[in-house]
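Both complexes shown next keep subunit A, but they swap its partner, so subunit B is in the first and subunit C is in the second.
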Partner chain A sequence: MAPSLFRSPVQLPPADALELSKQAPAILRSFPSTVSSSAITDLFSAPENPELWLTYENLILSSLRTGDDKAAHGCLARLLARFGNENERVMALGGLVKEAEAANNGELERVLKEYDQILSENDTNIPIMKRRIALLRSMGRLSDAATALVQLLDFSPTDAEAWSELSDLYFSQGLYPQAIYAEEEVLVLAPNAWNVHARLGELQYMAATASGAGGGAYQKQMAEAVKRFSRSIELCDDYLRGYYGLKLVTGRILKDSAKPTKVTDEGDFLLPDTKTTERLNQLATAKLAEIVRHSSAQDRGWRGYNPAEVAAARELLSEDSSSGVVR
Partner chain B sequence: MTLISKAITGIGGLLLAHACYSAQEHSALQSFRATSTATLTSSSAVSTSLPIDIVLETIVSTFIILLGLVLGTRPLRPIEWRVWAGKIEREGEDGFKDRNGEVNKDYVGNPFGIFESRPNFVDIRKQRKEFAEWVKNGEGQQGR
Partner chain C sequence: MTQVPVQTIHRDPQLFYWILFPITIVMVLTGILRHYATVLMATAPKKLDQKTTREQRSLAHGISVRGNFHTLSKRSFNARRDVLITAYESGSYLKDPENQGQPPPNPMSDPSSMEGMMGMMKNQMAMIIPNTLIMSWINAFFSGYVIMKLPFPLTIKFKSMLQAGVATKDMDPRWMSSISWYFLCIFGLQSVFNFLLGSDNAANQMAQQMGPMAPQTAQMFGPGVDPNKQFLAEAENLAVIDHYSVLDDVEQRLLEGIRI
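Our next item is the complex of A and B:
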C-alpha cells in the first residue's frame, strides 16, 4: 500500500518515495490547475482544502528525490498560483527545487546568494533561513551552518526542530557535550517526546564510550543514558529503541562493574546499584525477546516495527546468548 | 461485530415500531369505545392510560437499540499516553484503521518524528544522490 501523501516523505525508504512520485502526474491531472479562493466561485467548483496543498508540498519533496523535476515544477507552479511568490513557505520550496537542480558548485553559490538577498530584505524569514543552513551544511561548510543556526535560535529559541538540527550538526562533528546540550533543549520544548529521550540516551552512551571508561564523566554519562532510556520506555509501551538502548547500556555497566570504579562526589549522577542494573537488563532482554518473537511471527498488532530495527535487536540478543553470559 | 450490532439495532427498531403501532391502535380503540359507550350510558368512566405491556415494550426496545449502536462503535482510542504511544510504535498504521481498512486521516505516526526527520532542513542533494544510487544498485541486481 502506498504511504500517505499527508505525511512528510523525508524519511521514507527509496521504494516508497518512488511509489509516491509516480502518483504525481495523476494527481496533477486530477486536480484543477487553479483553485479560486473567492466565495462565489466556491459555489460552482470544488472547494479547496488544506490537504491539497500539503499533498503538493510532499509531492515536490518526493519527486525531487526521485529526479522527476517536471512534476516538482508542476506542483510548485500551483502553489505559486495560489499563495504568490511572497509566501515564505513557497519561497523555501522554490529554493529547494533550485538546489536540487543545481549541477555544480557555482550554481549552488548563486542559490546561496539568492537566499542572502532574501534575508537582507527580511531577516526573519525562517523557512528561507532554514534552507540556507541546510544548503551550507550540504556544501560542507559546517561551521558557517552552525553559526547561522545559533543566530536563528537567538531570535527564535522555541524552535525545537532547529535545536534538533543543531544537535545533529554538532554530533556529526563529534562535539558530544554541545550535541547533548542542544538535544536537552529539544526535550525542554517537547518533554513527552519518547524518541527524543531515546536519542538523548544514545548521545549520552556514545559520548561515554568515546571518552573512555573509568572517569567520573563516564559514570555520569552512563547513568544519564540509563535514565533517558528508562524514561523513553516509561512514555511508550514496548518501545523497541528504548529497550535496545537500555539493554546495551546496562550490559556495558555490568561488564564494567567487575573493574573497581572511582567514587565520585556528584551524588545525583551515581549509577544505580548492581542489583537494579541487573534487573533492568533482565527486563530489557525479556521485552526485546518478546518484541522480536511477535514481530517475526507477524502477529496481529505487532507489525508496526521497522524490520531493520527488529533485525538489530535479534542480533543483540544472539550476541548475548553466544557469548555465554546468562543474566 | 458489525453484523451483530446491525441485527440488534434492527430488532430494537422493529420492537419500537411495534410498540408505537400498538399505542396508536390502543388509543383509537379507546376513543371508539368512548364514543360508542357515550351514546348508551354516559356514567361509565373510561381509563385512558396505556396498558403496561406497551410501556414495557417501548422501554425495552429503546435499550436494545442503544445496545446495538454501542456495539457498533469504532474501537476506542487509548487515553493513556504510554499506551497510545506504544500502539503507534507496535502497530503502526494497522492500529489506526477504521472499519473500511482506511488509515485515519489524522494519523501521523509518531508526532515527534519531525525532530529527527526535520523536513525543513532536508538535504535534497544528498537524498537525490542516494536515490540515484539505490536505483543503480536495484537495476544491477535485476540484471544479474
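Our next item is the complex of A and C:
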C-alpha cells in the first residue's frame, strides 16, 4: 500500500516517511501560497479544500521526522497564513516544529516555558496541553507528564487519545492496575475497538505474569486476558495480535494448569475449563500458522500485516514446535 | 375552429435593458452583499471555559459509561458507577456548586443565551430588510410593466404568478410583469449564488427559512437546562443498570463462530 498524504504519518515505517517528505518541495511548488474561498477570486487562485490543509499537516510531520526542516517551515507558514496565530491546532504544530529543532535541553526548556505561557492565558487549549505532556514525557519527567495528563482528563474525561496515552505512561512505569484502568476508559469511549481490546489483554497478561503465579489475582487477570483477546478476534477476524496473545496466554495457562481454580466472588471472570483452553490454543496456533504462511507468500488479501509482527508470530510458532509440545 | 390570433403588444425595446437587467443585477448583488454581511456579522462561537467544559464532558463521560458498560468487567464497572454516582449526586462536577438546588436562571436574563438570540435576529434582519427595500423599489418604479414574453406557451393558471400587478383579464399568460420577474429571481437565483459563493453561502433564503425547522441538537446544554438535574437523572440511570459483560462466554462464541 503506497503511503498517502491524507493519513497521519505517525505509524509509517521510516522508508515511507522519507518518501513522503521527498514530495514536499514539489507539493509546495505546485500549490500557490495563498488560496481563496470564494469563486470570483477562484478564477485566479487555487480553490480551498480540507485535503490541502491535511496534506500540509502531514507533510510537516513527515518532514520533521526526516530532518527536512525547510519544508516543514514552508508548510507551517502556509497554515499560519490561512488560520492565523491563534488557531490551537496550528499553535501545536508550530510548537512541534520548535521542539524538533531544539538542539539541547535548554532550548526544550524554553519551548516548555512558552507552552506554560500559552496555557496560563487559555487553560482549555487542549492541543497545546497535549504537546506539553508529550514534551515532558520525552524529557523524561514522567511523573510531571502523568500529573498534567490527569489534570487534562479531569476536565475532559471523554478524550480517548489522552486516556490511552495515560495508560501507556503508567505501563512504562510498571503501574499495571492504573494502566489497565486507563485502557478500560478508552474502551468505554470506543467499545468496538479491537486493538484496544487486544491491548487490554496484553496489559492483563503482563500484570498477571509480573505479580507471579500466586493468588486469585493471577487467575482472574489471566482469565480476563483470554476473554479480551477472544473479543478482539471476534471483532476482527484474522487479527494477528489477537491470535498471538490468545496463543501465548492459553499456552501459559495450560502449562500451569495443575492449580485448581479457586472460587472467588461472582463478579470476577473464571478461567475456562481445560478443554476449552486447549481448543482455543489450537485455534490460535492454526490461525497464526495460516497468517504467517499467507503473509510470507504475499498472497492476495494477506498483505497488510506488519512484517515485524509476522516475524514475531513465526518465532512463537517455531518455539512451540521446537519444544516438542504438540497442542 | 379558427386559430386564435397571436397577441402582440408593442413594447419599447428599452424596457428590456432598463428593467429586466437592473432587477436581475440588483438581486444578484443583494444576494452577494447579504452573504458577506452575514459573514461579517457572525460572531465566533464563544469559547467554553474550563469549568463548563468539565461539566459537559463529565456528563458525556457518564453517558458513555452507561452506554458501553458491557465492555467492562463487573468489578471495573461497579467501581466507576460508585465514583460517578457519588460525584453526580454531590454536584462536584457542577460549574458553580453553590448554585445547586436553586432554580435555573431565566434564559432571557442570561447574557450568553441572549447572544444566540441576537444572532438569529441579525440573520432574520439581514433577510427581511433588503427584501423589503427591493420590493418597494420595484413597486415604486416598475409596477404594472409588462417586460417580456416567455418563449413557450403556458396555461391560464400561470396568470396570477406571472402577471402580478397587471390587472388585464385577457392577456396571454406568456407575458410577464416586473414584480413577477422579481419573485422569480428570489427563488431562481440559488444556483447562481451556489456558483459564485460556494455551496454553503448565506445568500440562500430558502435554507434560512428551513433552518429553524431542523432538529435542535445543541439543546442538551442549552440555556434554561439545569445541569444539576441532568446529573441527578444520569446518576439514577447508572444506578439501575443490570450489568452484563460482552466478555461472558466469549470463548464459546469464538469457537463456534470461527472455523479453521
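Criterion: the second predicted complex is superposed on the first by the 311 of 327 C-alpha atoms of A that agree within 3 Å, B and C clash if a C-alpha of one lies under 4 Å from a C-alpha of the other, contacts with A are read in each partner's own complex, and residues count from 1 in each chain.
Just so we're on the same page, a residue touches a chain if its C-beta (ideal position, glycine included) is under 8 Å from a C-beta of that chain, and two chains touch if they have at least 3 such contacts.
What you see is a predicted model, and the numbers here were worked out from it, not measured in a lab.
K.L.:
Putting subunit B and subunit C onto subunit A via the overlay, clash or fit?
P.N.:
fit
K.L.:
Does the superposition put A:P127 against subunit B (first), subunit C (second), both, or neither?
P.N.:
The answer is first: A:P127 touches subunit B but not subunit C.
K.L.:
Regarding the shared-chain residue A:K287, is it in contact with subunit B (first), subunit C (second), both, or neither?
P.N.:
second
K.L.:
Report the partner of subunit A that touches more of its residues: subunit B or subunit C.
P.N.:
Touched residues of subunit A are more numerous for B.
K.L.:
Going by the contact rule set out at the top, does A:Y181 touch subunit B (first), subunit C (second), both, or neither?
P.N.:
Only subunit C is touched by A:Y181; subunit B is not.
K.L.:
According to the stated criteria, A:D237 is in contact with first (subunit B), second (subunit C), both, or neither; which is it?
P.N.:
A:D237: touches subunit B and subunit C.
K.L.:
In the superposed arrangement, which partner chain does A:K227 touch: subunit B (first), subunit C (second), both, or neither?
P.N.:
Only subunit C is touched by A:K227; subunit B is not.
K.L.:
Determine the nearest approach in Å between the Cα atoms of subunit B and those of subunit C after overlaying the two structures.
P.N.:
Checking C-alpha atoms only, subunit B sits 11 Å from subunit C at its nearest point.
K.L.:
Of all the subunit A residues, which ones make contact with subunit B and with subunit C?
P.N.:
Subunit A residues touching both partners: 234, 237.
K.L.:
For the complex, which residues does subunit A have touching subunit B?
P.N.:
4, 6-8, 10-11, 14, 17-18, 51, 61, 64-67, 92, 96, 99-100, 102, 127, 130-131, 133-134, 137-138, 160-161, 164-165, 168, 186, 190, 192-196, 199, 234-240, 300-305
K.L.:
With touch defined as at the start, can you tell me which subunit A residues reach subunit C in the complex?
P.N.:
Residues in contact with subunit C: 37-40, 122-124, 154-158, 181, 184, 187-189, 191, 197, 224, 226-228, 230-231, 233-234, 237, 266-269, 272, 276, 279-280, 283, 286-287, 290.
K.L.:
Contact residues on subunit C for subunit A in the complex?
P.N.:
Contacts found on subunit C: 47-51, 53-54, 57-58, 60-61, 64-65, 67-76, 78, 80, 195-198, 246-247, 250-255, 257-258, 260.
K.L.:
Show me the residue ranges of subunit B that touch subunit A in the complex, using the header's touch definition.
P.N.:
My answer: residues 81-83, 85-95, 103, 105, 107-110, 112-128, 130-132, 134-135.
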